[in-house]
Each structure stands twice: as C-alpha cells, then as structure tokens.
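Each in structure tokens, the structures are laid out below.
Two complexes are shown next, each including chain A; its partner changes from chain B in the first to chain C in the second.
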Partner chain A sequence: MKRSRSLAAWALIGPYALFLAVFGLAPAGYALWTSFVHDGAFSGVRNWSAVFDDYRLSDAAWHVGTYLLLWLPVLVLLVLSLALTLHARPGRFSSTMRFVYYLPGAVTGSAAALLWLFMFSPDASPFSPLLDLFDITSVTDALSGSTLIGILTVMGVAVHAGGWIVVLYGALNALPRDVLEAAQVDGASTWRTTWHIKLPMVRTYVAFVLISSFASGSQVFVEPTVLTTGAPGQISPTWSVNQLAYAYATQEGDFGKAAALSLAMLAVGLVAAWIVIKRTRMYATDDR
Partner chain B sequence: MNAISRTARAVFLLGAAVFFGLPLLWLALAPTRTADDLTTGSPLGFGSLGNVGAAWSHLMRYNDGELTIWIGNSVLYAAASVALSLALCVPAGYVLAKHEFGGRRTLLTLSIVCMILPPAALVLPLYLEMDAFGLVSTPASVILPLSFYPFGVYLAFLHFAANLPNTLLDAGRVDGAGELRLFWSVAVPLAKPAIGLIAFFSFVRSWTDFFLPFVMLADDRTFTLQLGLMSLLQSTGAVNAGSGFSDLDIHQPEAALAGLVAAAPTLVAFVFAQRFLRSGLMAGAEKG
Partner chain C sequence: MNRWGPGFPTHAALVLCGALLLGGCGSGAGGGDKDELLVWVDNTRTAAAQQYEKEHPDQKIRIVTIPPDAGYVPTKISLANRSKRGWPDLVFLANPAEAATLAADRFAYAAPLEGLVPGKTLDGFAPGSLDTCTFDGKVYCLRNDIAPTVLWYDAKLMEKYHYRAPATWQDYQKLGLKAAAEHPGTIVGAVNGKYGAGTYFGSSGCPTRDTLSLTKVRIDTAQATCTRVAEMLQPLAEKKAVTTVVPTDPAFAKLGSQNKILMLPGPAWFGDFMFKPAFKVPDGRIAAAPMPTWDGEDRSYSGQVGGGAFLISKHAGKRAKAAAAMATWLTTDTALQAKQPTYPAFTAAAAEWGKAKAKDPYYAANPVPVLTKAAAGLRPGFGAIRFEAEWQNSFNQTVGAATGGGKSLTDALSDWQKKLTQAAETNNYSVDQTAG
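Presenting the complex of A and B:
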C-alpha cells in the first residue's frame, strides 16, 4: 500500500523532476563550475574575488539595497490591501479593477521604454501635475539624483503589482466559504474577518509573494534597462547588480564572472527564502 | 458596510485604477497621434484613426510583413510551452502537497533555487546544452527550457496544500480509487481556478521572454514577436530618435502600436484566466 503510493507519487512528479534536473540543476551546476574557471583552466576563487573587487559592484549593491527597501514594502502593502479590498465585495466591478491593475504589466520591451519615458516627461505625461509636485521639470530631472529611485519604485510597483493581486485574489477566492460565512454569522466585521481570518489563511501565499518579490527586486534588471534604452547616458548601464552580471556575460564575454555574481545574488535570495519558509511553515502538508 | 467605508473603498480602488490605467490609456492613444503631437500636444489627446492605419502599414513594410511570421512563431512557441508546463507543473504540485515521500523537501527546495536563480547564470549553460542536443536555433530550444516552470509548480503546490482536504482523498481511497485516478478525477477538476492561473502566468512568461530566444535563435524568420520587435525598433531608432538609421517610417507612434500588438494577447489571456477564477468550484466540496 505505502509502496504503491510512493510509486504513484514518482510517476506524477517524475517528468517534472527530469526537467528540473536537465533545465535547472544541470545548467546551475555548470554555472557553478564556470565560476571557478578562467580561460579554460580551474582558477579557484579568482572570478569571485575579481567580482567583489569590481568598483562597480558596491555602487550597484547600494542602488539595489535602497530600491528593495523602498519598493518591496510598497509593493507588498499595496498588493495585500488591494487584493483584500477587492475580495471584500467580489463582482463585476472587482474583476474590472483587477484587469486595470494588470495593464502596465502587459507592456514589455521597446514599448515599455517608450511608455515610461513619456510618463516621466513633464510636458507630455498625463501625470504632469504629479511631476510638478515633485519639482520635476524634465526627463533629465526625473532620472537624476534621488528622484531616480522613486521613479524606479513607481515603475516597479506598476509593473509587478497586478500579477500578485491576481494570485492573492485567487487564493482568497478558493477559501472555504463555510468558514467565512460562519464568521459573518458570528457578527465579525468585514475588517475583523479580513485581518483575523482571511489574512492568516493565505499566509503561505504571502510568503510566496515575499520570496519571489525579494528575489526579483534584488535582481532588478528590466526597469533600469528600460529607462537606459529610453534615455541613453542618463543612467549607468551597470546601475543594478544584475545589469552588472549581464554586462560581464554580454559585453565582456566573461561568463565566469557573470556566473559568480549570479550565484552570489542567488545566495542572497535563498537566505531570504529560508527565513520566510521557517517563519511561515510553508512546506507543511498537515494543515488540513 | 456603511456609507463612509463604502466611499473610502471606492476612492481607494478607483485611485489605484487611475495609477495603473493611465499609462496604458496613453499608450492606446499614442498610435492615433503623430510623433510631434506626442511631445507637444495634450497628454491624452486623440489624433485620427488614419494615423493608426498608416503606422500599421509602416510596420508591415519591414521585410515584407515579417511581423506576421513573428506573431505566428510566438503563438506556436507559447502554446507548446504552456501545454507542456501544465502537464509538468500540476501533477508535481499535487504530489508535493499531498504525498509524504523521500525527496519531497529536496524537490521543494531545489525548485525554489531554480525559481530565483538569475537568468544571466543560465544563458551560457543552456546554450551549450541545446548545442549538445543539436537543438540550437530550432523551436525546441526555446520551448523546452520555458516548459520548466518552478513558479507554476509552487502555485499548484500552494493551491493543493491549502484547498484540497485530505479527507476527500482518503474517502476516495476507501472507495478503492487508485492514486493516479484520485489525481485525475478528484484533484484536477477541483483545481481549475489554479490551473487557469498557472496557464496564464506560463503564457505571459513564454510570450514576453526575450533573452532565451535572443540567445537560441539565429534566423530572423524563427524570431518571436518580442525579439523581432526589439530588432525592428532598435534598428530604426524609433524610441529615441537619432540612434538608428532607416528609410522606413518607424517612429514613436509605430513603436506604441507594436507594443499594443505585443500586449494584446496577454490581456486576452488574462480575461480567460479570470473566467476560471470566478467559477469558485471549491465551495462545499468537502460536504459532497
């Protein structure tokens, strides 16, 4: 009985495990190997120390750190509050709103560069009153100094929030109705139901949002690259750590250094993931 | 809900809608306007439908309408990788949530590792791997790596762990249903909202992915829409005038139109995925 169950389990998960090995672990293992190789020969930690000595890294790490500090809390709070508010009263209005919130995430590539460049041009932007409020008189203004981090945060939130709102809304939507109805019968207010019942029940999803967003924020690449394409010369092409890794791989053709830096980013993401998993018991199967 | 909290809710949701919606409204209006009007006219002005037609014919003039070939390629690659990733993710997520077996935690952890592994680390190894398989510059070199989708496995895992009661499965076992049958006839039908969501995110990932096709595909007739548009728009300097050279009339309105064409399938897929969400199949499953 037990044997046949575990056999069935492997039959269902086997194909995925194979893909995991071939398209995940094998390339990752190869990357680890290349991070210790220079000019075709094993070179110990040479690539790693070269990366950590790169004068561009500390700037990039500082940029990404400040970005995460600003972007991650704004994103998570906005996603949670919008998803919970939408779920308090499901219906046509709520589903239209989810669609609208997703819109900026659908625009990619060159069109995104064009779009965001115009959004931050005071003369041409529909947001010009807001830009005036922050004393931004030109795109150059918007992309320089401390305004840049704010601009990137706004972009990053606009692009990433919609997908997570849908994920969380889906999780809320799947909650057993009897529990929520029981709370209502007991006279719990909407606010109390949200805070004490719904939120704890979707905690594994919140953990997932945190893990994924921390990783994608610490590997931020698209937003600064998009602004660089739109306004060349304004932002350093190695503004973020991930951009630096791409510069190693593509411009300098140095895959050893690219691999070393990528794996260092992975390590940071894994530490965050480990903390979140421990605190939320995300792996448990015995909940229900 | 009293009047004050209802108003607060509406203000919050509609305010967010302005923030998320205005950028796309601007983008949707841009192809109706001329490049000059975009910088000097009113931010949300409407030009003429004739301009849209002109912009479209400018885009189609590039390599005798190669754009339509790219669209066809993108549809093919995305459809294949969505189908394959669903076939891998859903059973894997189910087993990880509902079976205790040796290797479960390892698989969960390795999936997280691969999920947050920076793509820059994988570019070279994946290319070498595809080269060894003799698949470089074939559709399979894009489809297969995209079908490995640990993010989707996690969505399935979280859904089954939170929403599929063990009692339901045990009841099936008492009735003599085999493990594979339980998955197919009990778990899958109850997971339709989650499957819709995974299909959507998997589609978005395949549709918008740029770097993998960029590395794998050499012949521009096998390009995806994203890749093709990037080369079209960059070679013509449409986004920032002056960085390219072309005798084609490709400017900002054309770039905006191209962006809309690229974004439209994502939005259609979103609407489809939402229909699965609304079905709310879990209600009362445990009682039945």
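Presenting the complex of A and C:
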C-alpha cells in the first residue's frame, strides 16, 4: 500500500523533477562551472570580480531596483484588487474581463514590439491624451530619461497582470464555501469578508505571485529590448542586469562573465523567495 | 512575454548554456558537406545570393536569410564559437561596426582578405569606405553599400521662404536660426543617436571612434573638430531649430507631412527611404546639397550613417576562395549593384547605379552628382568599434540630452568623452586621447 503510494507520488513528480534537472539544475551547474573558466582554463573568481567591477552593473542594478520598486507593488495591488472585485461580482462580466485582462500578455515577440511602440507613439496611440499629460510628444520622449521607467512599469503590469488575475481568481473560487456562507450569515459586509476572510486565505497565493514576479521582474529583459527597436540608441543596450549578462555572452563572447552574473541574479531571486516564504509562512501546515 | 515556469532560472544566458549542454543549438550548423558554401544574408541581399547560386551550378551553396538586427550576427557567431561548428563561410553585416567584434581575438571569426581578394579590386571601392573593414593594415570585409551624409533640403520650402541652401556651417546655423524665427516649428537637423553623432560629429572628424587598431581607439572630444560642432549646434538647440527626436520616430514623420523639415543633413538613403515613404514629402521637392564646409577647410566632408559589408570566415578553409569570389561578385558586379536599393560602395557600380537614380522624378534636382561627391569625401577616422550601441546611447545621454534640455553642448562633450572611454575600455580597447 505504502509502496504503491510512493510510486504514484514519483510518477507525478517524475516529469517535473526530470525537467527541473535537465533545464534547471544541470544548466545552473554548467553555468557555475563556466563562471570559473576563462579562455578554456580555470580562472578562479576572475569572472566574478570582473562582473562586479563593471561600471555598467551598478547602473543596471539601479534601473532594475527602481523598476521593481514601482512595478511590483502596482502589479500585486492591481492583481489582488481586480481578482477580488471579479470574485465579488461573478457572472458574465467577470469572465469577459478575466479574458480581457489576459490579452496584453498573450501578444509577444515582434508583434508586441509593434503594438507597444504604437501605444507609446503620441501620433498614433489611442492613449495620446494620457501621453500628453506626461509631456510625451514622441516615441523618443517616451523612451528618454525617467519616462522610460514609467513606460516599462505600464508595460510590465499590462503583460503580467492578466495571468495572475486568473490564478488568484481560481484560488478565490477554491475557498471553502461554508466559511464564506458563515460570514454572510453572521452579517459580514462584502468588504469585511474580503479583508478578514478571503485575503488571509489566499495569502500563500499572493506570496507565490510575489516570488514569481520578483524573479521575472529582476530579470526584466524583453521589455527594454523590444522598445529599443523603436528608437535605437535611446535605451542603453545594458539597461537591465539580464541585458548585461546577455551582452557578455553574445556581444563580447564572454560566457564566463555571463554565467557569473546570471548566477548572481539567481542568488538574488532565491534570497528574495526565501524571505517571502519565511514571512508569509507559505509552507506552514500547522495553522491551516 | 516572460512566461517560463515561475521561479525558474530563466536567464537568457542560462537558457543558452542549457541549449548548448544538450548538444548545440542545431540551427545553421554547417552540414557535413565540405564543399557546400554556407552563406548568411539579410532579406534584401537574398535575391542577389540566389542569383549567384543560379549562375554557379558547380558550386554548392546554402543560403540562410538572417534578420538585419544589430547584434544578431555576433550572437550567432558566439554560439558557433562555443559549439565549434556552424560558422557561415560568408556573412552579410547590416551593421558593419560588428566587423570590429568579429575580427577581434575573442571572436576570431573574420578572415583577413589578403590573398583572397586582389588589391586591384580593393582599390575600386570608394576612398575610405574600407576603413570600416581595416584593422592593423589588414582588410577584413568588403563594403556592399555606403551611407555618406549629404545636406537634404526641401527645395520648394527654400523657394517659398526665399532661402538658399547653405555652403558653410556658419551659413547653415544662420539659416536655421532665421527659419526658426520666421517660421516657428521648422527644423534643420536631428541630433539623435547615430544620426546626430554620425552626421554632425562624424563629418567634422571629431575623434569618437578613430580605431588605430583592434585594441586601440582614439577618443578625444576636446578637439576643435568636436567643439566647433557643439558651438555651431548650441544656438540652434536653444531655438529648437534642431530636434532630438529620432528620424525613425512617427513624431518626426509628422514634421515632414507638416512641411516643417527645411533641411536635414543625413545619409544618402534618407531620400529614398525616409523622405519619400516615412515623411511622405511629395515628388519634386527634396534635393541634396553637399555637406556644408567648415571654416579653414576648402572642401566638404561627409559622415556615415549605415551601409553594409560582407565578411569571410576564418573557418572557411578550402571554401575561402569560393566565399571570396562570391563576396567579390556581390559587392562589385556593376549590373547587380546598379539595381540595389542603397548607394554602392564600389565606385564603378555606383556610377551605374547613379544613371538610374538621376532620372528619379522624386527629386527636385538630380541628387547623383552630390551623392557621388559625398561618397568620395568620407571623413577619415570613423572606424568600426565594438561599442557601437553604447556609442549611440552615450551620445543621446550627453550631447542629445543637452540639446533637448537647453544645456551647454560643449560641457556635454566631456561627459560624452567619459562615457565613451568607459565603454571602449570595457570592450578591450586602450584609449588614446592625445595622439593626432
């Protein structure tokens, strides 16, 4: 009995474990090895110190840090409030909106580049009055200086929010009905139910959104790369940390430095995940 | 967009490493056929490559169409270097500055053309056009097309306003200020990225990318060749007679449709590929004048913004001769080059190309004599560098920002110097700031 249960468990975990090993752990291990090799010979921490001495790293880290500070709270608050609103008013409207929120994230690659450049072009965009408000009169403006970070935040939120709204909505749907009904019987208002019952119960999901979003946000790459095509030279080719890692490998042919920086980023992501897990007691089972 | 598994190490580099771990990327890996020539060209050049293939049935050729994006070829070559296979024998660079990356030790991909292409052929290219391809006295690529700058202007507007195209930069400045005062909103130039840096500073001979070798570059923005440009642009920037909007921006095209572009110094291809399709300036209005001259110089020099080049692989082995033959045909065949969209680098082909262009009804006056002179007057010292993207971006962050923000352009030059020096040193150059 016990044997067949553990077999079933392995059958379920197996494919994921395999993928994790082949596409997660093995590349990370290979990257670790690569990060200590320079021109085919073991070179100790040479690559690592070269990366941390690079003048572009502090700029990139600053950009990404600012981006996270803006994007992460906006994303989480927006996702939470929209998911809770949709859940409080179920029905046709809610399901339509879930689909609508999901749409921006479904457009990727060069199509996304065109779409977003169109959106940020005051002469073509349906949002041009909004762009006017921020004194943006051209794509060049939109991608200059401090405006860029706002643009990236808008892009990041639009692209990522939809998927998370669907996830959180699912989580809310899975909440035990008896608890919600009991609250209703006790005369709890919608607001109280949301704040004191629904929200605490989806806490771990919010933690999950935070961890995943922190990981993808700190690795922001596609958005600045895509926007660069609209106005070459306007955005630094190493605007984000991930772009710098990419430049090491592809433009400088230095895979050692690319691997070192990638691993450093992985470490940042892991530490952030560990903090979130600890703070939200994500894996705690005793108090559920 | 970033829809990999949450929390997964999704780094591009890691993914690349992962792909490599699993036995190479597969794409473009040269087949087992030792005689087959592997050729990478962009979409525009594909038809020409196919024509060559058709005319040479004895030579097995595999043509792969690649995107013209900056950085694409180095990316692919770095992967081929990693897996030690899959190098193209012949590759087209839509961004010829990448020759500096591909010829350097770290990539060790580009083959010197000595013994592959005769000196007589090399002499047929526009003077100075092969500078982009030359490091330490060795030529590493053949230019396909070049993009010398000229002074484009709207002949109809000039006539209407009773202006004349300026012959000197002093007159250019005066006319710009006059136009800005008399016809607000009118612009006479663009100070952005490669368009600003290549057109104004490149044509003036300001040393921002003067490659002395593959590892040595001369950068000195304190030179008079730089400060004279900053001083000339300063009042134009203050009166908004020059814009910092990039010419590929839809907002710039709007200036064209509103008849606000009086003059625009820019590359040879601006006529056919910007004024006509993007800015939508109607037939019979646009004309070209030589780049204005500087005080103390008796001739006009042009900067460069664009163009392409063909490069041969060090790994081509016995296919090197065939690759060189194909590259030579692609760049020098007059019948072929006469039909190509942009200005041919090979002088004899350019003459043939000019015959058709001279009759183009789009222009208010035949632009060919001006273009020909511009091609023969490329300002030296504009080399291929490994920090091309930073070169453009740092220009916008310093000189461009000062132009848009009403600050001193001369002061911005020293910031540009700092950023260029940093970028150059990070890319394994030693920076020479004094040598003339």
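The rule is short, and it goes like this: the second predicted complex is superposed on the first by the 268 of 288 C-alpha atoms of A that agree within 3 Å, B and C clash if a C-alpha of one lies under 4 Å from a C-alpha of the other, contacts with A are read in each partner's own complex, and residues count from 1 in each chain.
One rule holds in what follows: a residue touches a chain if its C-beta (ideal position, glycine included) is under 8 Å from a C-beta of that chain, and two chains touch if they have at least 3 such contacts.
Remember, it's a predicted structure, so these values are computed and weren't measured experimentally.
After overlaying the two complexes on the shared chain, residue contacts for A:Ala11 are found with chain B alone; chain C is out of touch.
Look at A:Gln234: by the touch rule set out above, it reaches chain C but stays clear of chain B. Of the two partner chains, chain C is the only one touched by A:Arg56; chain B is not. By the touch criterion stated above, A:Ala88 is placed in contact with chain B alone, chain C being left untouched. Applying the stated contact rule after C-alpha superposition, one finds that A:Glu223 touches chain C and leaves chain B untouched. In the superposition on chain A, A:Leu80 contacts neither chain B nor chain C.
Residue contacts after overlaying the shared chain place A:Leu68 against neither chain B nor chain C.
Applying the stated contact rule after C-alpha superposition, one finds that A:Ala215 touches each of chain B and chain C. Contact comparison for chain A: of chain B and chain C, B touches the greater number of residues. By the touch criterion stated above, A:Leu115 is placed in contact with chain B alone, chain C being left untouched.
Under the contact criterion defined above, the residues of chain A that touch both chain B in one complex and chain C in the other are 22-24, 26-28, 30-31, 34, 108, 112, 121, 123-124, 163, 208, 211-212, 215-216, 219, 229-232, 242, 245-246, 248-249, 255, 258-259, 261-262, 265-266, 269, 273. Every residue of chain A that touches chain B in the complex is listed here, in rising order: 4-6, 8-13, 15-17, 19-20, 22-28, 30-31, 34, 78, 81-82, 85-86, 88-89, 93, 95, 97-104, 106-119, 121, 123-128, 158, 161-163, 166-167, 169-171, 173-178, 190, 201-202, 204-205, 208, 211-212, 215-216, 219, 229-232, 242, 245-246, 248-249, 255, 258-259, 261-263, 265-266, 269-270, 273, 277, 283-285, 287-288. The touching residues of chain C, counted against chain A in their complex, run 1-3, 6-18, 20-22, 69-71, 74-75, 77-79, 81-82, 101, 106-107, 192-194, 244-246, 248-254, 386, 389-390, 392-393, 395-397, 401, 404, 422, 426-427.
The residues of chain A lying in touch with chain C in their complex are 22-24, 26-28, 30-31, 34, 54-56, 105, 108, 112, 121-124, 137-141, 144-145, 159-160, 163, 208, 211-212, 215-216, 219, 221-223, 229-238, 242, 245-246, 248-255, 258-259, 261-262, 265-266, 269, 273.
Residue ranges on chain B touching chain A, taken from their complex, read 1, 5, 9, 12-13, 16-17, 19-27, 30, 38-41, 43-44, 87-89, 91-92, 94-102, 105, 107-108, 110-118, 120-126, 128-129, 144-145, 147-148, 150-151, 153-155, 158-159, 161-163, 165-166, 178-180, 183, 193-194, 197, 200-201, 204, 208, 210, 226, 229-230, 233-234, 238-240, 243, 252, 255-256, 258-260, 262-263, 266-267, 270-271, 273-274, 277-278, 280, 282-284, 286.
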